[in-house]
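Structure below; questions to follow.
Chain lettering (A, B, C and D) follows the sequence in which the chains are written, and residue indices restart at 1 in each chain.
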Amino acid sequence: MPSARDWMIVAAARLLENQQRVLVGVGIPNIAANLAKRLQAPDLVLVYESGVIDARPARLPLSIGDGTLVDAALAVIPMSELFSHYLATGWIDVGFLGAAQIDASGNLNSTVIGDYQHPRVRLAGSGGAAEIATGAKKTIIVMEHSRDRFPAKVDFITSPGHPPGRRRADGRGPWRVVTSLGLFGFDDSGRMGVMALMPGHTQEEVLDLSGFRIPALVDPLPVLPEPSAQELQILQDLRATLPGGTQG
Amino acid sequence: MPSARDWMIVAAARLLENQQRVLVGVGIPNIAANLAKRLQAPDLVLVYESGVIDARPARLPLSIGDGTLVDAALAVIPMSELFSHYLATGWIDVGFLGAAQIDASGNLNSTVIGDYQHPRVRLAGSGGAAEIATGAKKTIIVMEHSRDRFPAKVDFITSPGHPPGRRRADGRGPWRVVTSLGLFGFDDSGRMGVMALMPGHTQEEVLDLSGFRIPALVDPLPVLPEPSAQELQILQDLRATLPGGTQG
Amino acid sequence: MSKQQELADLIRESIQDHMTVYMAGFSHLIPFAAGHEMIRQNLRHLTLCRATPDLLYDQMIAAGLADRLAFSYAGNPGVGLLPAFRHAAESGLLALDEYTHAEMICRLEAGAAGLPFWPLAAEDNDLSRLRGRPRVACPFTGQDVAVVPALNPDVAVLHVQMADDEGNLYVWGLPGDIKEAALASRVIVATAEKVHPADSLRHLRDYLMIPGFRVKGVTEVPFGAHPSYATGLYERDTRLYQEWTQLAKTDEGRQAWLDDWVRGVPSHAAYLAKLGENYLDALKTREGGFNRALSS
Amino acid sequence: MSKQQELADLIRESIQDHMTVYMAGFSHLIPFAAGHEMIRQNLRHLTLCRATPDLLYDQMIAAGLADRLAFSYAGNPGVGLLPAFRHAAESGLLALDEYTHAEMICRLEAGAAGLPFWPLAAEDNDLSRLRGRPRVACPFTGQDVAVVPALNPDVAVLHVQMADDEGNLYVWGLPGDIKEAALASRVIVATAEKVHPADSLRHLRDYLMIPGFRVKGVTEVPFGAHPSYATGLYERDTRLYQEWTQLAKTDEGRQAWLDDWVRGVPSHAAYLAKLGENYLDALKTREGGFNRALSS
């Protein structure tokens, strides 16, 4: 039986289209992007903030600076050039991010839980997330669905989402959110809504596990197709490339 | 019998010290720096604004982008990096320049003869000269001595010299000028003075061929040693490396 | 999807009258073949940009393609001045946007980063006094810092030693300002000494200058930088650089040369045939960094 | 003149208490050997900088070297969080100058160019709101552009795959922010997997990252980046990255590890001997880009 995490990975991977240039964040986005490249999007252009352009990793990379990303890449360039020449200037189609918290406007927190000066949990910080969230043509976010992670107000805005009351005019910003409960999008006012549910989950659960109201964007709400045997097999193959004891 | 031009080249080459990093301009500076590297300064670090660091040209380079500069260089880097990481930040010991005109403060013109909008002679322009003149720790200028070339006021200030009334406080700016008549320096007020004469030339000639007063900085004025047989031989050998018909 | 097309089509589809064009290359890799095709297509009212306009720009100016030139050093490298540029500048036929090298390159840096200005260490000179080069106050130190405006050409035209079918561009030797000029431009097109099948050059990762997704089209043009050089492949044809100084002294001389070598030949292949195989063979590099790099 | 010196001397002569230090490297080439020597020398009150502090900085923080950290992403790559950093940040023991990656890198770009600020495309977030990130008005377009202040560390410490006796530093693989960090620093020192005789590496021109005249001293330290990796030479020792997460959960655990593997061994050579030859051999890269590059 696949885990809720695997369902998220597969649902996120399905959102990527062949030939898109996707700037891949750490964690689930990394797994999902590598899965997509082995499924429907073989020519997906994997870009990493470490300066890797068009990676073809032989195994699932452990981090954005993993040597396997470098080996068969089209290019490895200074981070300065990746950020200024490619990300900030609109050459990235999809920013693919995780986060600790998200709010109704898609603002992301990956900095602290609690107060910045006296945090309860000090997280890793932005890295390139703030730039990816605002520089990519659109952003896909993947995260577990829980009340802590979907608060009315994130503890810290690391990566800005849509501005209050509207969706970004240029199409940038949060486009889809994949969680353990469903698939989410954003309406014209830039607020999150449900687009589909994970199999076996309900809209009531979504409401129950979110600190803000998340309306349905379509009626009736569709249910996402279960991961196929092929999807799960390739995901398992991908995980098998990791060193023992590593979480993928 | 060596030409006046050869005497200038030799006198200029003698000013370079081993292990200095010298940013080499086109024309006589290029010949003189390559001569110095074959004489007293074998470890002279030849840097070219084209992005070449520590060139070891097998033959006399025809231009600052000549392939012979690239072949055995320590590095070839983007021009952007050469200007910002090395020149503007004080890592060049000597800027070595020619010009069409110079004035008493060492302001150099390599842009136009006559009015900028309606020039009598349109020259090549600054290139990196303006940055070299102000970024190097000190500048050596080499040029023919004539009334046209030593006017009271240059037609156009391409590369700023010393500010009015003083020498630059940080030691930068024009340090020596080598001409067909002699060797020149700058006094504490930042004005040009004679330090030595070319053999066979007089201070009267200097006054006669300059549009501004050039006082002697020492009394009596020494005479520069004639080029040695070795210096002239190596200069001849260097010229012999050029393609036929090329002026060196 | 292949990005290869014929040179004439590449130019026709990418460059129109009144555009701002950066024919990149620095000492080597000057895109002569592409520039000559632009002359054959009789383009007009272009703004030409390059830090170091040389022989090619002199020919394009002589052919009447340019209304305006943005530059920082307009010389014939190792030879002297550029006759057509001189004539046009001295007679007021060509508008000049003139900078120093550092300024010109910073304009490209701003353009490539998508920012409207770029800071640099610069004192005033008569160029900045005439043209203006504002300073901004550093909000952290109060220091006044010189800035120049972004340059974003409509099209950059490059010549490279190698490309692949998907437009990935590989360069050896002096990088000059080639990458910055390309990335500052809205559209990039290129000629290449050799265009290889897609995916066959990935082992040359460290020499990739521009990824294919930034490139609109690419054409295989051997000796496409002649008479300039291509590090590792062929040497500069210095004789031609020297002869230009003499034959281009008059407009008659310039037009005669253009009629003979550009407008009078249908293509770069015909230009090469006119030079002759033996002549070109003599320019080829016997050994060098390029072959070393290829074997790696 | 040789720039080679013993690692202990290199650190002692270059780094003193209260300095601002950038231990460069990005995912690979993290200068662990140099950092461990700094722990042995018991340096104090340092400001440590790096876009991506990882295991080494966690160990240096645990050892009490740092009062302040300038950074943009403090994680254990592929594993999770950094226990010593977390503890220090959550208990207020470590002052934080926190940025995004683009901001941090732009700070280095300004430092490397000798300018007091650098522009970038950036929206406000809570970091910029808390810390401040002024904007300047572009004098050409009026557009407000975000700027960050220069970062100029006192010393950059690098680990590179190859150097020569004169301090020329050669790097393969991810460049990250290594070059910018080095050039922004007043002094650069380096450890290298192998130090070759002067002038013997000039054929590797395209891999030169820092010229020797910018480098104060260099030391040959094989496996000087262990447990991080060195492209083409050895792989990351992922086991150690994973174990750190567990053993470093408590200060006792952290101090025990430091006593065992850093303070309790006299040198990096002794650390390697303790790991054992077979253990290190298993990390070595079997083939790859580095050997290819070397043969070129």
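Following the convention adopted for this analysis, a contact is a pair of C-beta atoms (placed from the backbone, for glycine too) under 8 Å apart; a residue touches a chain by one contact, two chains touch by 3 or more.
What you see is a predicted model; the values in this text were computed from it and never measured.
Contact with both chain B and chain D is made by C. Common neighbours of chain B and chain C, by the contact definition above: D.
Comparing chain pairs A-D and A-C, the larger number of C-beta contacts belongs to A-D. Among the other chains, the CA centroid farthest from that of chain B is the one of A. Look at where the CA atoms of chain A average out and do the same for chain D: the two points lie 28 Å apart. Inter-chain spacing, taken between the CA centroids of chain C and chain D, is 38 Å. Centre-to-centre spacing of chain A and chain B amounts to 58 Å, using the average Cα coordinate of each chain. Shared interface positions of chain B, defined as residues touching 2 or more other chains, are 76, 84, 88. Of all residues in chain D, those touching 2 or more other chains are 113-114, 120-121, 205-206, 289, listed in ascending order.
Judged by the touch criterion defined above, the protein chains form a pattern that is neither an open path, a ring nor a star, and not fully connected either. Contact between chains, per the stated criterion, is found for A-C, A-D, B-C, B-D, C-D.
Remark: chain C residues 26-28, 51-52, 71-75, 77-79, 81-82, 85-86, 89-90, 92, 98-102, 105-106, 108-109, 120-127, 130, 173-177, 179-180, 229, 231, 235-236, 238-239, 242, 288-289 touch chain B in the complex. Against chain C, the residues of chain D that register as touching in their complex are 113-121, 134, 136-141, 143, 145, 147, 149-150, 172, 203, 205-207, 289, 292-293, 295-296. Touching chain C in their complex are the following residues of chain A: 21, 45, 53-54, 72-76, 84-85, 88-91. Residues 26, 49-52, 61-67, 70-71, 76-80, 83-84, 87-88, 111, 116-131, 134-135, 156-160, 243, 245-246 of chain B touch chain C in their complex. Note for the complex: chain C touches chain A at residues 112-114, 168, 183, 202, 205-206, 208, 211, 213-214.
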